[in-house]
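Below are two complexes that have subunit A in common, paired first with subunit B and then with subunit C.
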Partner chain A sequence: MMMGAALSRWTMAYFAVALACLLGAQAMMVMGLGYPATAVEDPQTLILVHTVTIGWLSLLMCGALFQFVPVLVAQPLIGAGMVLPALVSLLAGLVSLLAGFLQLSGDLETGLPFLPVAGILLPLGFGLAVVVLGRTLLRGRPLPLPARFVAAGLVCLVATAAIGVLFALLLSGLDVLGAEVDWVGEVLPLHVTAGFGGWLTMTAIGVSYRLLPMFMLSPDKERITGKAVLWSSCSALALVLVVVPLERALGGPGIAWHAACLAMLVAVVFYGVDLVFFYRHRKRRNIELNSRSAIGAFAALYLSVALLVGLVATGTLGQNSAALIYLVAFGWLSGLGLSQLYKIVPFLTWLECYGPVMGRKPTPRVQDLVVEKRDMPWFALYFAGVLAGTIALLAGMPDLFRLAALATLCATVALVVEMVLVRRLFNVSVASRLPEGTSRPRLFLSSAR
Partner chain B sequence: MADNEEAEPLAADIIEALRVVIDPELGENVVDLGLIYDVSIAQGGVAQIEMTTTTKGCPATAYLKEAVESAAWSVAGVHFAEVKLTYEPAWMPEMMNDSARQRLGLA
Partner chain C sequence: MSMPYYDLDVRPILREGGEPFSVIMQAVSSLAPGQSLRLYATFKPLPLFQVLGARGFEASAREIGNGEWEVIFTPGEAAADPVVKPTAPAAASDDKWPAPVDELDNRDLDPPEPMVKTLEGVEALQPGQTIAALLPREPVFLLEELEARGHSWRGQMEPEGHYRVVIRAGNPRR
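Up next is the complex of A and B:
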C-alpha cells in the first residue's frame, strides 16, 4: 500500500505565484505605496495587505498543505483534481479584489463589478482548498496533533473568508448587516484575528510540530504541552471570534476578552516550551539552514507577543496595530515561510528529478542542490530588515521603513534567485546533474507520477 | 529458505547494492540509516526485503521502495525482489550506524 502521496503537482506553481506576490508587496512598500504613507483604510493599503495575506501567505500555505497534509495523516490527497481550479479561482479572485480597490481609489475607471466578483471567486477558491484538505483530514482520523492544528486553521480560514465577503459586499455598496454595525472597530479586528491568528498561525504551528522534529531528528512523541497549545489557542480564538462579539452585543462585563488574552498567553508559553524542547533535544547537532533561519521567525513571534502585551498595557494598541501586524506577517509568518521554502523546494525538486532513477543510478543529495553558506547572510538581512521596519513603524519614521523594506526585498530577491537555481539544478556538479533517465525539472510545474 | 551457504553472501551483496539508495531528507543511504530491517533469500533467488522510512507518509516513500527493489534486482543471482514496507517498529535515529551518525553530526 502506498502511504501518503508522492508529489503534489501544482504545489510549485502555488509557491511561484506566492513568491511573486511577496516581491510585489515588498516593492510597493519600498516605493511608499500604502501604509504608512497613506492611511490604514486607504485602498492602497488594502491592496498591499491583501497581496501579502492572500497572494503570498495564503497561496504559500495552501500549496504547502496540499503537499504536507497527506504526510501528516498518511493518506493520499482526496480530490487532487480541484487543486488547480482552486489556484485559478484564488488568483482571479485576488486580481478582481485588487482591481476593486483600484476602483475605490479612483485609479481604475470601469463599470465592471470587481469587488462582488472577488467576493465570489475568493470564497470559491478557498472553499475548494478547504474541501480537498478537509476531506483528506477526515479520512485520516484520528488526527495526530499537527493535523488538528491544520483543521483548526481551516475552520478559521472559512471564518476569515466569510467576513471578507461581508466587507466586499459593504464596499460594493451593499450593507447587509445594517448601518448600526461598527465595521472598522468591531468587524475588522475579527477578520484580522481569524486570518493571522487563526488560519495562518494555527496552520504554521501545526506544520512546525511535524517539520521541526523531522528535520532535526528530535523526539516527536505527542506531549501534553502540545495538546495544551492546541486547546488554549483554540479557546482563545473561539473566545475572540464568537464569545467577545456576543458579550459586546449583549452588554456583558468584558470578561471574555481577558480570558482570551490569558488563553493566548498559555498557548504561547507552552509553544515556546515545545520549541525549546525540539531544538534542545535534537539528535542532529549540525542542523540545516532552514532550521537555523526558522529561529528568526520564532523570535519574531515572541517579539510580537511582547509587543502586543506592551501595547495593550499602555493602551496604545489602536495607533500601533500596523507595527504589530507587520511583525507578525513579515517576521513570524513570512520568516517561517521563507525558511521552510528553502528546504521544501530542493526536497521536491530532488524527488521530482532523481526519485525515478533512485536505486538505478548514483544521485546527488538534496543538500547538494543548495549552497547554505552563501544563503545564510540573506536570511540575516531579511530578519534585520523586518526588525528595523517594525521599529520604524513604531517610531513613525516612514523613510526608515522604506529603507528597511528595501533590505527585506533584496534578501527575498536573493532567496528567490537561489530557489530558481535549485529548480535548474545549478549547484549540482555537471557530471552528476542529470544521470541517464532524468530530465531537468520545469520551473513551476512538477512532473507528478 | 535457500541454502545458507549461498544465501548469506547474496544477502550481503544486496545490502552493499542498497547503499546506492539515498534517503533524500537526510542525504544518507538507507543501509547506514538503518531503514533496511531485514534481507533474506528465498528459494529461486527471491530477495525478500523489509524496510521502513524515516517518516510515515513521507512523499518519498513510493520512490524509496521502488529504488530498493531495483537496486536489489540488479545484484547477480537475484531473480526477483520483494520489498515490504513496515512501520513496526517505527524508525528511530538510534537505528543508524556509526558512519551515518558521524556524517549527520548526531548527538
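Up next is the complex of A and C:
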C-alpha cells in the first residue's frame, strides 16, 4: 500500500549547514589555504577536502535523502527521530575532524584526542542516517530504479566511512594494519573512489533519475538503459573497491582495473543516453532554471570522464588527480546540488507554507518564489569559475585558481541569498504572500503538521 | 446466462488518449438485473476489476490479439438481486462509494499544479461525494495533505503509467 510522504522537518537545517560549509570551503580556496598553495597531503588540504565532502556534499545529500527517499518509495521515513541526532553527531564529528587536522599541522595545541573522537562521531552520524534511510528503503521494496541507486550509494557511504575511521586511527598514531600497507598509494584511492564515485555520485544519479522527469514532465517508465547504468556502475565500484585490492594482494595480472574502467565507461555512456532522452522527450517545452543549470553539472561529469581517460592514457593521473577531483566535486556534484537546491528549496517552502490552504484559497505558484532571470547569470558564473579553476590546477597556476574560486564563491553567495529570500517569501507580492490560514516559514526548521 | 451481453467498446476512447471510466460506470448502471457487461479495451483493465469487484461483479478476461482485451463482467448474486441485503453491511457500505462527480485529468500539468487542481476539486465536494483525478505520478504529498484534511482516498498506478485516485470528501474540519 502506498502512503503519503510528509515534509522532512530537518532537511532545511541540513541544507543550511551544508551551504555554510560550501561558502567556508570556497573562502579557504580564495585565501589560498590548502592545495594548490600547500601540498596535497598537507593538513590544510585535508581540512579543505573534508569541509567540502562531509560538510557540504554529504550533509546536502543526507538532508535531501531524508526528504526524497520517502517520496521515492512512497513510505513514511522510519526513525525520523534519528534525523536531528544524526545532524548533531555529523556536525560535532566534522568539527573534531577539522580540529584534529589543525593539531597535525601544529596550529592547535591541546591534548584532546580530536581525531579519535571524530572517528567515533562521524561513523555514528552517518550510521544513524544509513539506518533511517536503509530501513525506509527496505520497507519500500520492490525498489524503483532511483531508489536502487540510492541504496548502492548508502553501501558505499559505509565503505567510505569505514576507511575514513582507519585513517583517523592511523593519523592518531594507532597503526591498525601494520607498516607494510601503502596508505597513500593503495588505501587513499579506495576512500576517494568509494566517497566520490560511490556514495555521492550514485545517489546523485539516482536523484537525477527521478527529479529530471518530474520537473520536465518526461516519460519516467524504467528503461533498460537505466538498469544498464545501475548494474555497470555497481560492477565498476565492486571491481575497484573489492576485486582490484584483492588482485593486487594476490599478485594478479591487473585485469580487474581494466574491467572496472570499461564498466564505468558503459555506465556513463548509458547515463548520457538517458539524460538526452529526458531532455528531448520532455513535455514541458520551457524548462526551468534548475533543469537548465543542471546541464552544466552533466557537462562537468562528462568532462571529468574525458579528463580521467586522458590522464590515464598519458600516465599523468597521479600528478593531476587534484584537478580531476576538483572538477568532480565542484562541477558535477556541487553543480548538480546547487541547481537542484534552486528548485527543492522553493518547492518545499511552497508546500510548507501554502499546502494547508491549497484548493481553498488562491496561492502563488512555486515559480513565483524565485526570479530566474536574475539568477541565471550566477549559475553561468559558477560553472565558468569551476572550468577556469580546473584549467588553473592542470596548468599549475595557483593565483588563477584563487581568482576562479572567487568567481564560484560570488556566485554561490548570490544563490544562497536567493534561497534565504525564497524562505522569506520575499519575491511573492505582498498581497498574495500570506493568505489567511498560512504562516511564514522559519528559515531552518520546517513546521510539522 | 440467457440474457445478451451489454457490449461496450472503449478502444476508440483509449486510442484517442481519453478516459473511459465514466462511460463504463454509466454502462454498468444501465445494466438490466443479471445482465453481464462485455468490455473491449486496449489493455487489461486491472483497476476496473477491483472497482467492479467491489460492486459484486466477477471478471473473466482474455487477450484478443494486438495487446487488446475482452473482459466479461458477470454480476454475482448480490449484484444480480439488489433486494437481497448484503450479509456484512458495514464492510459493504465501506466498499461502496458513490460514482465520482467529476474526473479530472491533471496528467500534463506542471508540478505542483496537479496537486492544486485536485485539492480545488476536493474542496468543492459535499461530504461523502467523490471525485476522480488522473495524475502524472504517485502523488505522495497530495495523499499526506488529504489525510491531514480528513478525506479518504483510493488510488493506484494505471498500466499507461499514470496514477488514478478517487477521493471521498470527509466532514469539513475547518
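Criterion: the second predicted complex is superposed on the first by the 446 of 449 C-alpha atoms of A that agree within 3 Å, B and C clash if a C-alpha of one lies under 4 Å from a C-alpha of the other, contacts with A are read in each partner's own complex, and residues count from 1 in each chain.
Keep this in mind: a contact is a pair of C-beta atoms (placed from the backbone, for glycine too) under 8 Å apart; a residue touches a chain by one contact, two chains touch by 3 or more.
Keep in mind that what you see is a predicted model, and the values were worked out from it rather than measured.
With the two structures overlaid on subunit A, would subunit B and subunit C clash, or do they fit side by side?
When both complexes are placed onto subunit A, subunit B and subunit C end up clashing with one another.
Can A:313 be said to touch subunit B (first), subunit C (second), both, or neither?
Neither partner.
Which partner does A:221 reach: the first (subunit B), the second (subunit C), both, or neither?
second
Touch check for A:359: first (subunit B), second (subunit C), both, or neither?
both
Mind telling me which of the two, subunit B or subunit C, contacts the most residues of subunit A?
Higher number of touched subunit A residues: B.
Should A:67 be classified as contacting the first partner (subunit B), the second (subunit C), both, or neither?
first
Which holds for A:285: it touches subunit B only (first), subunit C only (second), both, or neither?
first
Run through 6-14, 60-68, 78-86 or 132-140 for subunit C and report the one that clashes with subunit B in the overlay.
Clashing stretch: 132-140.
Where on subunit A do the contacts with subunit B and the contacts with subunit C coincide?
Shared contact residues on subunit A: 2-6, 70-71, 74, 214-215, 217, 283-284, 347, 350-351, 355-356, 358-360, 363, 366, 449.
Enumerate the contact residues on subunit C facing subunit A in the complex.
Its residues touching subunit A are 108, 110-112, 115-116, 118-123, 136-138, 140-148, 155, 161, 174.
Which of the residues in subunit A come into contact with subunit B in the complex?
For subunit A paired with subunit B, touching residues are 1-7, 67, 70-75, 214-215, 217, 282-286, 347-348, 350-351, 354-356, 358-363, 365-367, 449.
Touching subunit A in the complex: which residues of subunit B?
Interface residues on subunit B, with respect to subunit A: 18, 20-22, 24-25, 27, 53-64, 66-71, 74, 85, 93, 104-107.
What residues on subunit A touch subunit C, complex-wise?
The contact residues of subunit A facing subunit C are 2-6, 70-71, 74, 214-215, 217, 219-221, 283-284, 347, 350-351, 355-356, 358-360, 363, 366, 437, 449.
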